[in-house]
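What follows is a set of notes on a single structure, which appears directly below.
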Amino acid sequence: MAIKKPKFKLRTKKPSKLHKTMGKAPGTVTYTGQREGGQSLLSVINYDENTFNIQEEIGLNEIDFHQKSPFTSWIDVVGLSDELFIDQLGKLFQINPLVLEDIANTQQRPKIDEYENYIFGVFKMLYLNENQEIVSEHLALILMESSVIVFQELKDDVFDGLRERIKTKSGRIRTRGSDYLFFALLDAVVDNYFVILEHVNHRIEVLEDEVYDNPTNDVVHRIQELKKDVLKVRRQIAPVKELVGRLLDSESSLITKDTKLFLRDVQDHCIEINESLQIYREMSMSLMEMYMSNMSNKMNEVMKVLTIMASIFIPLTFIAGVYGMNFDNMPELHYKHGYPIVWGIMVAMFLGMLIYFKRKKWL
Amino acid sequence: MAIKKPKFKLRTKKPSKLHKTMGKAPGTVTYTGQREGGQSLLSVINYDENTFNIQEEIGLNEIDFHQKSPFTSWIDVVGLSDELFIDQLGKLFQINPLVLEDIANTQQRPKIDEYENYIFGVFKMLYLNENQEIVSEHLALILMESSVIVFQELKDDVFDGLRERIKTKSGRIRTRGSDYLFFALLDAVVDNYFVILEHVNHRIEVLEDEVYDNPTNDVVHRIQELKKDVLKVRRQIAPVKELVGRLLDSESSLITKDTKLFLRDVQDHCIEINESLQIYREMSMSLMEMYMSNMSNKMNEVMKVLTIMASIFIPLTFIAGVYGMNFDNMPELHYKHGYPIVWGIMVAMFLGMLIYFKRKKWL
Amino acid sequence: MAIKKPKFKLRTKKPSKLHKTMGKAPGTVTYTGQREGGQSLLSVINYDENTFNIQEEIGLNEIDFHQKSPFTSWIDVVGLSDELFIDQLGKLFQINPLVLEDIANTQQRPKIDEYENYIFGVFKMLYLNENQEIVSEHLALILMESSVIVFQELKDDVFDGLRERIKTKSGRIRTRGSDYLFFALLDAVVDNYFVILEHVNHRIEVLEDEVYDNPTNDVVHRIQELKKDVLKVRRQIAPVKELVGRLLDSESSLITKDTKLFLRDVQDHCIEINESLQIYREMSMSLMEMYMSNMSNKMNEVMKVLTIMASIFIPLTFIAGVYGMNFDNMPELHYKHGYPIVWGIMVAMFLGMLIYFKRKKWL
Amino acid sequence: MAIKKPKFKLRTKKPSKLHKTMGKAPGTVTYTGQREGGQSLLSVINYDENTFNIQEEIGLNEIDFHQKSPFTSWIDVVGLSDELFIDQLGKLFQINPLVLEDIANTQQRPKIDEYENYIFGVFKMLYLNENQEIVSEHLALILMESSVIVFQELKDDVFDGLRERIKTKSGRIRTRGSDYLFFALLDAVVDNYFVILEHVNHRIEVLEDEVYDNPTNDVVHRIQELKKDVLKVRRQIAPVKELVGRLLDSESSLITKDTKLFLRDVQDHCIEINESLQIYREMSMSLMEMYMSNMSNKMNEVMKVLTIMASIFIPLTFIAGVYGMNFDNMPELHYKHGYPIVWGIMVAMFLGMLIYFKRKKWL
Amino acid sequence: MAIKKPKFKLRTKKPSKLHKTMGKAPGTVTYTGQREGGQSLLSVINYDENTFNIQEEIGLNEIDFHQKSPFTSWIDVVGLSDELFIDQLGKLFQINPLVLEDIANTQQRPKIDEYENYIFGVFKMLYLNENQEIVSEHLALILMESSVIVFQELKDDVFDGLRERIKTKSGRIRTRGSDYLFFALLDAVVDNYFVILEHVNHRIEVLEDEVYDNPTNDVVHRIQELKKDVLKVRRQIAPVKELVGRLLDSESSLITKDTKLFLRDVQDHCIEINESLQIYREMSMSLMEMYMSNMSNKMNEVMKVLTIMASIFIPLTFIAGVYGMNFDNMPELHYKHGYPIVWGIMVAMFLGMLIYFKRKKWL
């Protein structure tokens, strides 16, 4: 059984585009991700307890934006490779250029920075694609006094339930301000991390069974892929716990004490997730241990078969060889019962070896 | 000996029900555990130094609840899948919806949150079922001024000794308030963790002996199950130490200084437990090391048998083969003592090899 | 060589008696150790710079105890299974029931708790028994204004040098108060930990030599026992460092600034001990590594012998086999020098293989 | 296949020159690097919003330096082995001798020290040479009120983009002071670390494929070189995060609040880099695991071939040997169909073994 | 190749003399090292900017010591086994007995304690002896207002460069007080640690090459010795960083702000050293990994040779065996070309196997 290249494709990593930012002045908006092309799409939901309206695919000039609007506005930007658009939007809302750079920089790790008039956060939406691979989408949120601006790379997201709740006035979302919207968005992102955890957990369980039943080299490869995925997911999820903790300690007037209760709930989930990731990490390391012990077990078994066969038949062959010699003077050859006696000796040796190996528990 | 599927069943993990909460508004009561069906059962024990009465299986409206009751009330709720009941009870006692969500969410890790009028805690009761498997039951406690509400999934619990002490007025429980009751409940939960530790310790000792006497592949599997159990137990127990520490530092008026002395005793036990878990973890890792070294030992032994048999008989067989050749002109064949001389040479070679292997200490 | 059960006895662990405390009210004195039977024995040493007297095996009522005695009293209690006695003594000295519970609970880890009128400490005396096994004895100390109460399980202890110094007025002990006595007791306990460290160090050195000279399976077992002993010893010693640190930071009036200088010296020793334990831990892990590398070395050697023997003689046997065939028409058989030519070929092959293996450095 | 020395040269480490500083008074300028020879070259760029001029290869006396110049000056010193020059420059700018020593000491790890009139920083420029080896260049920066002095070992550096931006007035650099220049230099250094990370990442991916396809001993060596490179790079990059953090907390008047926003962006990048390095470290450890599991796989395969061949043919050879014996009285030899019957038996045994190994899944 | 005892002597560890201190009163001067015998030798250097004089091998009464001398005095004590001398010196300078105990206790780990009139420090001078073994010498320093007392075990030390600088007035030492002398002594000790690091680094590089070229069991032993040496060196060096940090934070009037700048430089070096030790530790662990992978590689190679030889010749021998049978009726034997046909078959099988193994890349 030759070791074959596994069928699953080693995820081809496209070269990072961080070099595109090299040498540029800090604060230059440069998209560093893989989802290029097209214009950014803008849509806005305005709501309060009694009002609800949506503007879809509008232009920047169509936003009617007031610092102190009576409504809460969810401003949604889809597509981050339209650097010019982001620049203009930044100017309209008076966003710091460094923030704009981070919005377009999909390599940016999760972060929360407080500015005077807004709070800026970067997170990663994680979900599974049709091939059950873990996909990460860059997400940037800006919390302002009466609005939240959401920047994402692709149209799909994890906020459908939330949109529904706003539309149908379910729960308390319509009675609260932009800080609760910010929380609700973050909560939806974090809730989706559990889907990823279940996926990882499932892969561990499948691999456990395979290591046990059929430990091929391909399994090793998949264990290693699992370990790398756990490392990558941890990197994108783990910081969120501390970031939410900082929000809870923040004295910004943008977040009410009431919303902090809800953020504490998100933090709870983050702790849970981090613990799970830690356990998955230890379990994936155990998988390799199991594999190695299984290998060494199999080797023992192979060697026992060889040793038993060789130990039984090599001495017998020697006996046969002796009486195949052509010396003139070999009296045994002429004994009447020489042949059956030799067979008797050989059978006795055979049985002796069998008993010996039985006693050693090799049989 | 082919590697067989072990007899013990790999614990089948039912799919998590966390997805049931996905997209719902925060604060929606959603039971995420496996013990579904049936209504929640409510019972109440009221006591003070001179009074003691029990109300069993009563309705919510039968609780006569006053914020400042002269008695201490132990309100017991069994069954958490009755979401409506928990909602109503929450309204009656003015409990925050996020707390109610956590009461029904059996995936919630241990936590303690202080609210204005109550302290909310989530813990895990751990015990062994009839198959000696570790079972975890979700437990939520709410400490109020003159009562403690206890939420559990199943009727059985670890509080029988405590109920007895209240009934028989043994110890100081009848002379103290709800904070002491809260402590006593927590103390009973933590005391039971020692049973789990003894169970784990026993499994380690059994495995140590098996690794030594009979290191089959099945043992590897059970070592890995042990490691996973230690990881899971640690996850449910480890946070308690820090949570109790936070209670000790809390300035809430709900917990008297006197009760804090007792909580410090619980914390002591938690430290002890965490240290034990750490040691069990290292011991379970050592088990794999021992297994691997034992395997490699056995392999050495197998190879020595093969090498000794082959090294002794292959050269002898060669000698016999030489004198089995059919050349016309092989003078040795016609020597008078050719045959016994060859036997002599072969015996000498045999003994020489034996001495060689004896010196190498392979025999 | 079959793997035999090692001669050294796997330390039989008697079942823990922690279950005896289960369900009891907190503060119930319950002995959880193995040294049961008999009454507690009480003796008292009173001293100041000019006075020295001993009362041995007295009753509780014979102690003449004043809160503010002019002497320093060393009150010694031997035997902790006499729960009634400890209860009575506790009442006499007004000790908190939780403290009394910890005095009798030999499972209690090292701790120091400050109360209003006394400081309570639990430590472990470690020493070697006649079989060179590490034995641990539970030790509880109560520091009061003019006395120290010492609770121990067995009569023997590590305080003989200290008793001598008090009796002979050597050093400064007779000129100082109870806090210095407390320090001196702790110092004696910690000094004895170095004996344990030397014992562990010696075992590591013996095992190092054995792993090198004679790496049997028994050695693996002893390495694992060593690792477990290091874990257990660390658990009983490691907390002391931090406990002494807390005493140094304490603002209790029971400990003078002058005595703190001496406690700092004890802390120094504790740091030293913890570092040694850490190093022993890493060294015992290296032992397993060395064992495995030695095993793999031996395997290589065994395989080389097999490979050399088989590679040399199997081809030669083939040659002999060829000329043992019985074809009618095998011209070589009738050559005049056929037989010596074949011998020549076989010797040449033999030498060729020897040179080949020599070049590979396998010989 | 003998193990050959790998073609890639183990990087020859020239002996460290730290001994040159031994015994010298602290503050003695001593170059400890490998890039010796030649004089230091001095050049200066002066700029403000409207002005821009360059002085190249000037003498120390040609600098027209005023503590409070209206321009921002970038003073560039190339070559650090000219100890006398550094001493003189130090005196001109009133730099502490300990700083001068650190400028010339290329062994100095990254650091930032604040002095009364300047902030001194040491960093490492990392880049790849023509052989794709990671090269490290010592870089020292001194931030003064209106100038930054840059010390580097070689003419090439990572600041060309920055020089271009100053010259072409692109970005905000021309409108800001020396603290922004200091930031911009540091930003360029840190941006280049990403190139090193990509190089390391690429090597890991190449090695992953090789471990899978062709796991030779050479691969082990390259994995170990990789691990060492990750260790070395981490050592030179990791401290930067904390150093920038200290700058952010600094109260020095040399750094404006506005520039701190930009430094926070650099810190962000440093966190990202440290996380990547941590992941690369774990991945390089996994490579060894994969290698070992692949080796053990291959061994299993080799042993199976041997066991199958030997187990099939050794018994057959025994049968043939039996009927090659020369006993007078062997009835089977004279059976009419003796020969084909024996062939039948041998074929049956052959097929039996094949089926056996097929069932074991060894074929 | 039997495994022989390595030639290098396992460092014989003389039994620790810590037991000598057991039971003694705290503060009893007891030498616990190996360099016993002889009297302590006392010498003094007095200097200020204009004065310089040396008194060698003087008696205690010859020191002319004033608390507030106008000179700086370097009081050097060589030999620590003269317990009486240390006691007397302690009384003369009013040193705390616990300090005197630590001066003579060569087992004392590095420490710095501040007392009212002096600062006491313990360090370890590390250097290589003529056998290139790492030797550690106990060093105690007492910094007083105008003097530093230096206690060392042996005459040789690492301060010759410093003595020269004082004598020749080079650097700033003659213009500064006792705190600068204290720094200069510590700086010389720390500078010498780099020699030890280079020695360790060299051993790692030698072992790397040996693991690659000639991985014998002896190499394993030397890797383990290396790991132990790194552990021991780390233990003696690592605490210094934190101790210097504490000096920097100290508010003692004995250390001027100016000297702290220099101490910060020492701390810098300590950080560097600790990082190197960490890296050496990881590299020495990698050495074992490389050894094991190399072993498994060699095993693979050995097994391939065996498998190839056996797989080729065992089937051929079977064929020869078949035609060596003595059946009456074996038609092939009488074919005219029977013999060459069988040779043809055997050559074909031989070539077939060669091609098979070639394809498998085993040849």
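Order of writing sets the chain letters: A, B, C, D and E. Residues in each chain are counted from 1.
We adopt the following convention: contacts are C-beta pairs under 8 Å (C-beta built on N, C-alpha and C of every residue); 3 or more make two chains touch, one makes a residue touch a chain.
Going by UniProt, the chains are A, B, C, D, E = Magnesium transport protein CorA.
Being a predicted model, the structure only gives us computed values, none of them experimental.
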Shortest chain-hopping distance from subunit C out to subunit E: 1
Give a one-word verdict, same or different, on whether subunit D and subunit E use largely identical residue numbers at their interface, taking over half shared as same. different
Averaging only over C-alpha atoms, locate the centres of subunit A and subunit D and give their separation in whole Å. 26
Taking each chain's centre as the mean position of its Cα atoms, how many Å separate subunit C from subunit D? 42
Going by residue number, subunit A touches two or more other chains at 2, 292, 296, 298-299, 303, 306, 310, 314, 317, 321, 324-326, 330
Can you name the residues of subunit D that touch subunit A in the complex? 160-162, 164-165, 170-173, 183-184, 187-188, 191-192, 194-195, 198, 201, 205, 208-209, 212-213, 261-262, 264-265, 268, 271-272, 275, 279, 282-283, 286, 289-290, 292-294, 296-301, 303-304, 306-307, 310-311, 314-315, 317-318, 321-322, 324-330, 362
Across the complex, what residues on subunit C touch subunit B? 1, 3, 5, 10, 13, 15-16, 18-19, 21-28, 96, 98, 101-102, 107-109, 111, 113, 217, 220-221, 224, 227-228, 231-232, 235, 288, 291-292, 295-296, 298-299, 302-303, 305-306, 309-310, 313-314, 316-317, 320-321, 323-326, 330, 332-334, 336-339, 342, 346
